[in-house]
Amino acid sequence: MSTLLMVSSLLLVIGIYGLLTRNNPILMIISIELIFNGANLNLVHFSRLYNSMDGISLALFSIAIAAIEVALGLGIFLALYKLERKTELRKFRRLSDEEVSA
Amino acid sequence: MLVSILVWLPLVCSPLVYLSSKLRKGLPRNLAISVSLLTFLLSLLVIGSETHEDWIPSLGISYHLRVDGISYVMVILTTFIMLASILASSTEIKEREGEYYALLLLTETGILGVFTAVDLILFYFFWEIVLIPMFFIILIWGEERRRYAAMKFLIYTHLGSLLMIIGFFYAYWSYYDLFGKYTFNLFELWKIEDFMSQSELKLLYFLVFMGFAVKAPIVPLHTWLPDAHVEAPSPGSVILAGLLLKMGGYGLLRILPTLLPETFHEMSVLLASLGVISVFYSAMVAMVQEDLKRLIAYSSISHMGIAVTAIASETSLGTKGAIYMMFSHALINGLMFLLSGAYKRRFHTREISEIGKYEAPILSSLLVFGAFASSGLPGLSGFIAEILSFMGVFNRWETSIWFLVLSAVVTAGYMLHMVKRVVFGEKMGEVEDLSREELLPLAMLVTGILLLGLVPSLLLGPLEGV
Amino acid sequence: MYLEMSLVLISASAFLGHLFGRKASLPFLILSVPLLLESETTRISHFFFDEYSKLLSVLVVSVTILVSITTEERERSAQTLLSISALGIILALSSKDFLSLFVSWEIASVTTYAMVAVGRGREELEAGMKYFLFGVTSSGVMLFGISIIYGENGTLSIINSGFGIGQALFLAGILFKIGAFPFHVWIPDVYQGARSWTTSFLAGASKVMGFGVLVRSSYLMGLNGMDLFFLLSILTMFYGNLAALLQKDIKRLLAYSSIGHAGYLLIPLSVWNPRALTGALMHIVMHSLLKVGAFSTVLIHEKELGRGIKDYKGMDKYSKLSLTIILLGLAGVPLVGGGGFWSKYVLFMGALASGTRGLALALGGILTSAISLYYYARVIREIYSTPGSEEVPGKVLVPLTITVTVLLLGLYPTPLIEICQKVSTTLFP
Amino acid sequence: MNLEILLILTPAFPLLSFPLSLFFGKRTPGQGAVFGILSSLASLITSTYLFFFAGKPISFEKEWIPGFTSGLYLDELSSVMLMIVSGISLLVNVYSLGYMHGEEGLPRYYGELSLFTGSMLVLVLAKDFLILFVSWELVGLCSYLLIGFWYKREEVAKAAKKAFVVTRFGDSFMLLGIILMYVSNGTLDLVEINSHAREMSSLLIALLLFSGAIGKSAQVPLLGWLWDAMEGPTTVSCLIHSATMVKAGVYLVARLFPYFSESGALPVVAYFGAFTAIVSATMALVEWDIKRVLAFSTISQLGYMFLALGVGSYESSISHLISHSSFKALLFLGAGSVIHAVGSRDMRSMGGLLKAMPITSTGMLIGVLSLSGIPPFSGYFSKEAVMHSVMENGNILLYSIGTLTAFLTAFYSLRMWILTFLGPTKKEIKESPSVMTLPIIVLMVSTATLGLFIHSGGGTPYPLLLAIAGLILSYRYHNAFLRAGPLSTLLSKRYFLDELYDLIGNCFFSAGKALDLLDRQGIDGTVNWISSSTLNIGDKIRRLQTGEIQLYLLLIVIGALVLLIMTW
């Protein structure tokens, strides 16, 4: 039983690692999906354990929501790409406190 | 009922004054004068009136204004000084008059409220109202370093008063824990004193004391005052010196001893020594000032120091002396600030060595009069204030009196040193003397000083019960 | 019955807004407010509407109305996004189990991501991208937390089960939305980048959701009064106000100030007593009103004046007056600052009610509001350094109404205090 | 009842003429002199009436400050003083018609003169310490204003400020004494204090009051201001700095004589008086400024009066006070007419004026002889009375100081007369107008005749012998002390007193500068430091927002981790 928990927390860690290191928005969206799926795995597992439908319903909802968010994220990314012609997120530094020094 | 009309009248009229600047250029000034005159007349007959209604019952905050001996005197002082400074503003303030007079009236409401409020939150409410208009007055109509001075004034006094509000809450909650009732009424809250531990009382004393110590400047906390006074327009600094310092003094005289009688008694030695230090310290510093307004600012700290020491002595003579000192100090320093404003308008500088180069007979004779009034020359109000305060202080402590009397000599010294450099010495020519318009407020203050010097029962009469 | 009606009206306004723009959606929204006021505490499937959620949802809907008035006519999509998000917030505020909470939370957040990015400008898109990434990460983390909590106590309803890993992750997700210290990083950039009406919605409404859900769930989970909240509150207060000191851009300054105010809102969580909660409720109401007022004024003058504080001169005298009063209200100055004074001081008064921790919080609050007075005064100083221009833009209506209400609340705050007191006692059985 | 009205009227006349001449002086003839003369004449008439016909003592009481009763009180001593003050004020007013002719700002001059006369009269009539102290300070104010009459000159300004500050220093100790008196005895009424002197007296209070007297009557150590006060017009020096104001100290001690004797402070008074007498006499030996010589002689004669009071003889002190007022006023008016004619105060530019100014020279001669204590004149009888009482007291040291001072007085006074009137004539000048010589003549008559009224005890002849010896020696080598090497520099530097005063002044100033520096850098510095450090922290924190997404995400993850850690 604890092995499943291990797998989902592994998924969580990988997702977070992917977020921190990858700079391409699409890859970041993928790693976010990993986190979501880790959570879903947990939910399904526990609802199976407690033999109740709550967990599964929440998992279903979260999948739907994840889909919405991916669509939205890609939309924003595409609009940004059209304008900026570059995908390196690190380049987008206009909104910051850097140059607006005292 | 009369007292609420008195307190809220200026505030109600201030938008009218602001809007009247659209109709005709001179209108705001005349409107402001008539309002302040009306308030002054109203303040004469406000003795003894009281209003007490609920404001926020669930929190125990009530709208409670009361005018008894001390606050009656203070109310009259406020309306008188306000009238004088509004009269004096016509020559000093040329642009954005509507806003200026509206802000002045807003300040007047704040100050009147402070002197009459009994409910601590209402007291704090009015206490804070005064800050913003004065900030704007210094900010918009002040002199060169006005931005720095306005900001310093705002934050410094605001922080002080914030500590005070925490003290009030602290008392409020301990009252609730002990008596199960929510109230901010000053004459209820002192009951908490014998139930609280010494350390709690000291903390409460310190918190509330800080708010007043910043306003009635006690030396280590005074550095906002010279900047604010120097940079404010002269009618503004008349109100700053004349009334804002008195709010601190009134707090020390009225709020603190009633809220914490025993602790105030225990700490009175500390308060007295702080007072003496600020008297002597600011007298010595005033001696070397090159800027006329800065010198007057330090002299007002030194005079307020005498009042603080007299308050700390807790004797009836001392209290009367303190109130007398506050009243006469407001008049005298008001006069001196208006004169320095007149000098500034003529010579565009406040350096004492500069303004002595030209001859202006009436202006310099008034300066001599002001200098002697502030060094406590008998026959003028300063003398009686000093005599009463010294006698009050002497009843409690012998040693501190030597310092006070010596500082009176130092005051005479630096005042005359200033007069020597301004009035005496080689004159390079004439400069146009005080116009009739400038003379009117000055004449008001001079008659006030003379009247209080020769007929002290005028002011000591209402203070009988103190 | 009234409640269902108002929810239907709000969703209808979303739908109509898309088709016919603001003219159609606004009346529905306005109509839903009295209905909400009439509704009594009922339970619809998973959602429990009680006094607490009623107060906050009325606030959210009125904020939505004010914000939608400030949007331009032709921005159709804005109306729908606003109404849907409002709907999401109302549902989130009244949910007592993780399922309904997570779903409504996501509805509200997704619409706000879209709102930020809808501007299509270079800055809006960058802000949208950033906001999207942080938002989705935190909701992912939150979901993971929920799954672990579900694993532990077998039911999705929020019950008191100590403070484990699940609860921590769940809290992380919620604290992100309110902008508490470690999770505040997105607020300055997004507030600066997004369009002003989006920012005012973010500051006005989504922060209300964050606060409301945080209070309810931490109450249900028995986490109130934890040392964590004490630490978070102090850190957020000081971080927000100190960082705002030297800001050049007015929207960034207001962003930091709302981080500071989030710190104040955390006070009742660490010092759990009825008076502090009343103060917090009042403060959330006042803060939303003031922030919406501030950002709408900025919206009006964004084009001709730009956003640097230095060049904030020559505004017309009405917006100058209202911005001054709003800023002073945020600083908590009495009378001139209106209701802002009362909400802050009832909050600090409440904090003082319980022990040395409360005293420390109150002192921290006092010190930070003194600091905040500095940078608000700096802005006011710039506004008033030159006389105002005469012509008055039409849009100045919203800030003016907010200023008037704030001033009235300043003079006579009793109704607001009464309501908040009634609401806070429902949370103390 | 009408006596009380008369009592109030005497000071009221001059006090009233102050505003009158100040505001309406310009339009009246003599620029306000009319008011001055009329008011002093009126108060002279009333005081003579009070002196001869009124049944003393008369008192008038009214509550001025609530809690304190104050009023006026007339007895023999104060009625004599009334006569002196109003008399000399009348003479000076008439005299200044000529002396101040053509000066600008005369209404101010006459106004201040009558204000001074009025407040001096109030001082003399004061029944309680409050009124006494009020008039005491007002008199100081008038002396400041009148010394500073020619305000254009730099040294005049310095002198006026110095005079006021030094006397104010003395007055502050007196104020302490008054407050101590009120606090310990509960009353400020002079008559009451004198009657209960035994149980009320305390040495500290007496000494404090005496220090006030020292300040006003320019005794050691507060004598530095009187010779600078000579910068003012000579009429002012005559009225204020020789005849009336400087006598206020003596009057105070005389008024409270029973109190002082009970408290045992009299020996202190005596030694201070004697020491001042000898010191100021020596200073006069080397002085070239005619008015400064007279100033030193005033200080030394005041020393005599305090000496007389100190040894317990109240009558001889008052008699010396009366006679001194007349012959010193005579000398000053004479010096005034000489200065008016020659145009400078320095004796080196005078000489040989005997024939040119007969009235002034004879008047000055009578004054000199009376000052040195040579029979027929009043100076001899009053000084004789003083020395007699010192001899009776049996204190040999005081007696020898007294006689030695008598010798020095004779020496420098004759030297002054010789330097001005004998010797080669340097300038062709003519006698002063009659309006100036008339008062001189009146004073000559009074100096000569006053002696009859003073009954002296006829003591030892030594003071007279030494006085004559002094005259002879001075006739022969009047500049002897100038060539006495180090002694003469010591004397001309006036025992470095001026340097001492400046030193004290400077050390106050430097203390002020240090405190101002502390204030600007220290206290203000910390305030500014606090504000700038908060701003710096704000700036450092601000830089955290680099706008880089990776960093933000890292922060969020760290935050979540911290929360996790908190769960343990």
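Letters are used for the chains, namely A, B, C and D, taken in the order the chains are written, and counting of residues starts over at 1 for each.
Everything that follows uses one rule, which is that a residue touches a chain if its C-beta (ideal position, glycine included) is under 8 Å from a C-beta of that chain, and two chains touch if they have at least 3 such contacts.
Quick caveat: nothing in here was measured; it's all calculated off a predicted structure.
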| message | Going by the touch criterion stated earlier, list every chain that contacts chain A and also contacts chain D. | response | C
| Looking at A-C and C-D, which pair shares more C-beta contacts? | A-C
| field | Chain centre separation (chain A, chain C; CA means) in Å | value | 25
| Chain centre separation (chain A, chain B; CA means) in Å | 63
| task | Could you put a whole-Å number on the gap between the CA centroids of chain C and chain D? | result | 77
| note | Distance between the CA centroids of chain B and chain C (whole Å) is 42
| message | Touching at least two other chains at once: which residues of chain A meet that condition? | response | 19, 89, 92, 94-97, 102
| query | What positions in chain C touch 2 or more of the other chains? | reply | 129-130, 133, 137, 141, 188-189, 246-247
| note | Among chain D residues, those touching two or more other chains are 535, 539, 542, 544-545, 547, 549, 553
| Chains touching one another, given as label pairs in label order | A-C, A-D, B-C, B-D, C-D
| field | chain C-facing residues of chain D, complex | value | 534-535, 537-539, 541-542, 544-545, 547, 549, 551-553, 555-556, 558-560, 562-564, 566-567
| Quick one: in the complex, what on chain A touches chain D? | 16, 19-20, 23, 89-90, 92-98, 101-102
| said: If we count contacts the way the header does, which residues on chain D are in touch with chain A in the complex? | reply: 535, 539, 542-550, 553-554, 557
| task | Quick one: which bits of chain B touch chain C in the complex? Just the residue numbers, please. | result | 55-59, 95-96, 121, 124-125, 128-129, 131-132, 135-136, 139-140, 147, 150-151, 154-155, 158-159, 162-163, 165-166, 169-170, 172-173
| query | What does chain C use to touch chain D in their complex? | reply | 129-130, 133-134, 137-138, 141, 163-165, 167-169, 171-172, 175-176, 181-183, 185-186, 188-189, 228, 239, 242-247, 371
